[in-house]
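Both complexes below contain chain A, partnered by chain B and then by chain C.
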Partner chain A sequence: MESLIILVVLTTLGYAFGSVIERRHFASIIAREHLLRNIMCFSARTPPSDIGPVDSQLVGGNVVISIDYFKLIAAALRGLIGGRVSAYETLVERARREAILRMKVAAQDLGATQIFNVKLETASIYNGYQQQTGSVEVYAYGTALIPHTS
Partner chain B sequence: MTDYRNPPIPEGINVHPQHPLKEFFWMLAAVGIALTVAIALLIALANYLVTFVPFEMEQRLAQHMEVNYFQPGDAPPTPALIYLQSLGHSLAQAQQAPHPIRIHLLDSDDINAFATLGGHIFISRGLLEVMPNENALAMVLAHEIAHISHRDPIIATGRGLTVALAIMSLTGVGDGAMAHQLASQFSLVTQLSFSRSAEAAADLRALETLRQYYGHTLGADALFNYLVAEQGRGNALAEQPLLALLNSHPLHADRIATINAFTGSNHNGQGQLTPLPANWLAPRTD
Partner chain C sequence: MFITNIEAVPGKRITQHLGMVQGNTVRAKHAGRDIMAGLKNIFGGELKGYTELLTEAREEATARMVQQAQAIGANAVINVRYSTSSISAGAAELFAYGTAVVLE
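Presenting the complex of A and B:
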């Protein structure tokens, strides 16, 4: 009985904190994406030939986002039923967009206008008790092209 | 660079539009219902199959029970125990009980009696002390003997094991933990709870046994009358058996009504209450 109460309390706390944090994070992501729209990202490996004189440099952005207890339980239930694990979909989406934003900030600091050959790496870290995923890491990296200012 | 653009991507492509709480409770309900149906099916199956377990097997299982519940084998039986065993034997014969029974005395102030695996019946000293006459005691004994005749302890054990196994398989507890859990189940057989219909059936068979043995069922409701009166006075000891071991028993008032109905339909106004032997519960010397 005690463990059931602990489970309900943890799930409620997880939902309360997790949903507020997620809502704020999405709002912040949308705002910052708008601000950084001038830095364009492409997955193409090479820039077009008419790009002009540029310097290139590796830029990257990295983020680790933890799941909350509510998402853990929701995903476990989903694991019994099958279907879209929407609890994790939002989590991975946030991590992906946040990593790209951080990469764009790194490129902006260098004075770059475009990033080519953008790639994303994901990893789940802390496979703790019973192989439960604790948090997701996304690393975005690419080649920043910095136009010659002279 | 006209071919290279980053158009704004619409929101909500990757994110499920359903509210997470709605989805959560939907999944919880689906899993809960599936689990309930599965366990109900397993219990029905276990209830059916477990009656094929031979009584000898039940007796072997009972040997795993907590040893401290049993009287030490070399201790001389007290007069109370000898009397209880002889009364129990007579009642078992009157009931035509198919299995041998053994009665044990629990040195406890609780008002409690229960039947468990292997034909073992435990009666607390506290219960004996409030018995007004032999008929009341015989009702309790016949009720517990009826549980053993009906194989209720092994049915309850089978049900408990089935539920434990089902839950452990679902939650993915390892094999080692499962074996440990199964072993620990046998230390809990003294806390079996029988279904309400099993209790009602045992009451009815006990009444039939009393009629067979005494020729009437007067005094059968004495214990329940006592418990009702004590509960009215707020006696915690009278509440305890209900909350602890006998919590699946029908309500005292219902049982008294059943007994009265049985007595009314079978009793011709004749019959006498049998007194308990004098000084049978001699105060303990130790």
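Presenting the complex of A and C:
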């Protein structure tokens, strides 16, 4: 009985705080994406040959985002019946968009306008106990092209 | 030392390929950071301690790769890739690899 009460309390706390944090994070991501829209990302492997004189440098950004207790329970229940685990979909989406934004900020600091060969790498970080996914790390990297100012 | 993840360097010519170079590091979690992470696992949100830990680890893997490239006389590493793997519950390996080249 006690463990059931703890479970219910943790799930409620996870839902209450987790959904607020997620909503705020998405609002901040959308606002910053708008500010950084002048820096273009391409997954093309090489820049076009007529790009002009540029310097290039590797830039990257990473973020580790934790699940909340509600997501953990929701995903565990979803695991019983199968189908879309939307609790995790939004988690990974937040992490990817945040990592791309941090990469763009690094590129902006160098005065770059384009990033080529953008690669995204996702890794899950496990909790020791029971090996459940505790958090997800996304690293975004690419080659920033910095136009010559002269 | 010039590092890029595309195959050619715009405006420069590759005169010599020296083969693959690599660097890795295995990092374990910090116990203090882990307590904070345990709390964050209930409420959600970013784990800043882990973000920093992985950034440092990736910098170290890159530095080791660069060291190896310098040792064989390269002045650039092209086509760099990163890879992450969880080795055990508390540790992760960060791995960087690329092609060492000589640019004119």
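Going forward, the second predicted complex is superposed on the first by the 149 of 150 C-alpha atoms of A that agree within 3 Å, B and C clash if a C-alpha of one lies under 4 Å from a C-alpha of the other, contacts with A are read in each partner's own complex, and residues count from 1 in each chain.
Rule of thumb we're sticking to: contacts are C-beta pairs under 8 Å (C-beta built on N, C-alpha and C of every residue); 3 or more make two chains touch, one makes a residue touch a chain.
All values reported here derive from a predicted model rather than from experimental measurement.
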item	value
Overlay on chain A: chain C relative to chain B, clash or fit	fit
Touched partner set for A:I51, first chain B, second chain C, both or neither	both
Touching partner for A:A140 - first (chain B), second (chain C), both, neither	neither
First (chain B), second (chain C), both or neither touched by A:Q114	first
Touched partner set for A:Y69, first chain B, second chain C, both or neither	second
Partner chain in contact with A:A106 - chain B first, chain C second, else both or neither	neither
Chain B versus chain C as contact partner of A:I21, first or second or both or neither	second
Partner contacting more residues of chain A (chain B vs chain C)	C
Cα-centre angle that chain B and chain C span when viewed from chain A, reported as a multiple of 10 degrees	110
Contacts of A:R84 with chain B and chain C, given as first, second, both or neither	first
Smallest distance from any CA atom of chain C to any CA atom of chain B, in Å, after fitting	15
Touching both chain C and chain B, counted on chain A across the two superposed complexes	51
Chain A residues within the chain B interface of the complex	15, 19, 30, 37, 40-42, 48, 50-51, 70, 73-74, 77-78, 80-81, 84, 86-87, 89-90, 92-93, 114, 130
Chain A-facing residues of chain B, complex	1, 3-6, 8, 11, 14-16, 18, 20-21, 23-24, 27-28, 30-31, 172
In the complex, chain C residues that touch chain A	3-11, 37, 40-48, 50-51, 54-55, 58, 80-86, 89-90, 92
Chain A - residues contacting chain C, complex	10, 13-14, 17-18, 21-22, 25, 45-47, 51, 53-54, 56-58, 60, 62-69, 71-72, 98, 116-117, 119, 121, 123-128, 131, 134-135, 137, 139, 141-143, 145
